[in-house]
Amino acid sequence: MCFRVQQNITVSEAQSIVDEFISNTGGYWPPFEMLAAIFEEAGELSKMLQLIEGSRAQKERPNFEKLEEEVGDVFFALICLANAYKISLAEALIKTVEKYKKRDFEKYEKYPSKSSP
Amino acid sequence: MCFRVQQNITVSEAQSIVDEFISNTGGYWPPFEMLAAIFEEAGELSKMLQLIEGSRAQKERPNFEKLEEEVGDVFFALICLANAYKISLAEALIKTVEKYKKRDFEKYEKYPSKSSP
Amino acid sequence: MCFRVQQNITVSEAQSIVDEFISNTGGYWPPFEMLAAIFEEAGELSKMLQLIEGSRAQKERPNFEKLEEEVGDVFFALICLANAYKISLAEALIKTVEKYKKRDFEKYEKYPSKSSP
Amino acid sequence: MCFRVQQNITVSEAQSIVDEFISNTGGYWPPFEMLAAIFEEAGELSKMLQLIEGSRAQKERPNFEKLEEEVGDVFFALICLANAYKISLAEALIKTVEKYKKRDFEKYEKYPSKSSP
């Protein structure tokens, strides 16, 4: 997969960018408000996806730019929570992928016929 | 802010890691199922945060490792949706931060007394 | 639509049942924790719906009983928040339906060709 | 708890009101879109709660009417999903309350000292 990225930042730098912004605007909110922000933004992402993909969507002119915006807002809100708990998103992601790989591997081991071509 | 990262990957690489995993396991789900996955994982993050920070939480032994895991799972689910729409999370984030900075700037311009020390 | 209901309670009685239970177990949580509970339960509903309707669901044996359970849990969590703010869910619902009817009516007025057979 | 209700409808009637409205407007959406609607509305509820209770909320003039509206919208979206699966919300709620009572009872049985005064 190839992304045309102008912004070739590391995940850690992404977290620092958010941290710097938050530091300049009063600091992180309390935990449950950061969570509420994640759900607010994810709700807007949901609304946008319905406009693009939903049964009654006007599919001739999907607004992908607005979808990108909502994805960015959710990412920002998630980084806030991660930053407040000093969680490295890069490490968290790697661990999640490892977990999923292990889960799949065990599934294949158990039902080997499914993994064969 | 300083993260002790062993995994110094770019945001773009993070998206590629997920893309490779998904490619090997049958491809991306339909849009609303990817969205449902985000909410499922965010719901588990919510549960974990309640166990750590909630009124009835056993705060003496907060499980930060499990919180990291849930954050990683949400990040993974968000990357899936972004990947499926070829959205660069790095660019999306930068735009979100720019938007918030602009919003704050306009607020300060409008009510300058608030921004002065 | 016909529901085989053994429990023919009013919406107001449903709210009272939850209120009585909460009163006996320490009272309502702070606002953002009640919200977090709604999202936790809605996340479990999302997980269950994926198991029933998702691309990789084992559709031969959908567990509708578990879906009912998750719907009940979300309803409970929503009632908690409504109760804490003395919101009548019956009145709130009627207002929502009125709002949607008005919205649809205006849409039809604007584009009358769409509403005609 | 006493609600000043003008609308003394049963939970079953509430479901029928929504069913009638949906029948007149094209029928229920596919499952994952109904779920997406729940999360969209719950996201708006989250936004409203932040405006009322959040750290930076203008608490002098909380907009409880708008909160009622958002609660009504979530209730509507939840009823849609319940209706589409012929789930009785009244029965689902009673089962949830029974489950929670049983859970609490077992907790008390296990740690009797906690339940005594």
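Labels A, B, C and D are assigned to the chains in the order they are written; within every chain, residues are numbered from 1.
To be clear about the criterion, a residue touches a chain if its C-beta (ideal position, glycine included) is under 8 Å from a C-beta of that chain, and two chains touch if they have at least 3 such contacts.
Treat the numbers as computed from the prediction; the structure is a model and nothing was measured.
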item	value
Minimum number of chain-to-chain touching steps separating chain A from chain D	1
Same-residue or different-residue interface between chain B and chain D, half as cut-off	same
Inter-centroid spacing, chain C versus chain A (mean Cα positions, whole Å)	26
Chain A and chain B: spacing of chain centres that average the CA atoms, whole Å	4
Multi-partner residues of chain B (at least 2 other chains)	30, 32-33, 35-36, 39, 42, 46, 49
Overall pattern in which the protein chains touch one another (line/ring/star/complete/other)	complete
Parts of chain B lying in touch with chain A, wherever the complex brings them together	1, 3-12, 14-21, 25, 31-32, 35, 38-39, 42, 45-46, 49, 52-53, 64, 67-69, 71-76, 78-79, 81-83, 85-97, 99-101, 104
Residue ranges of chain C touching chain B (in the complex, touch as defined)	26, 29-30, 33, 36-37, 39-44, 46-47, 49-50, 54-56
Complex contact set, residues of chain D against chain B	30, 32-33, 35-36, 39
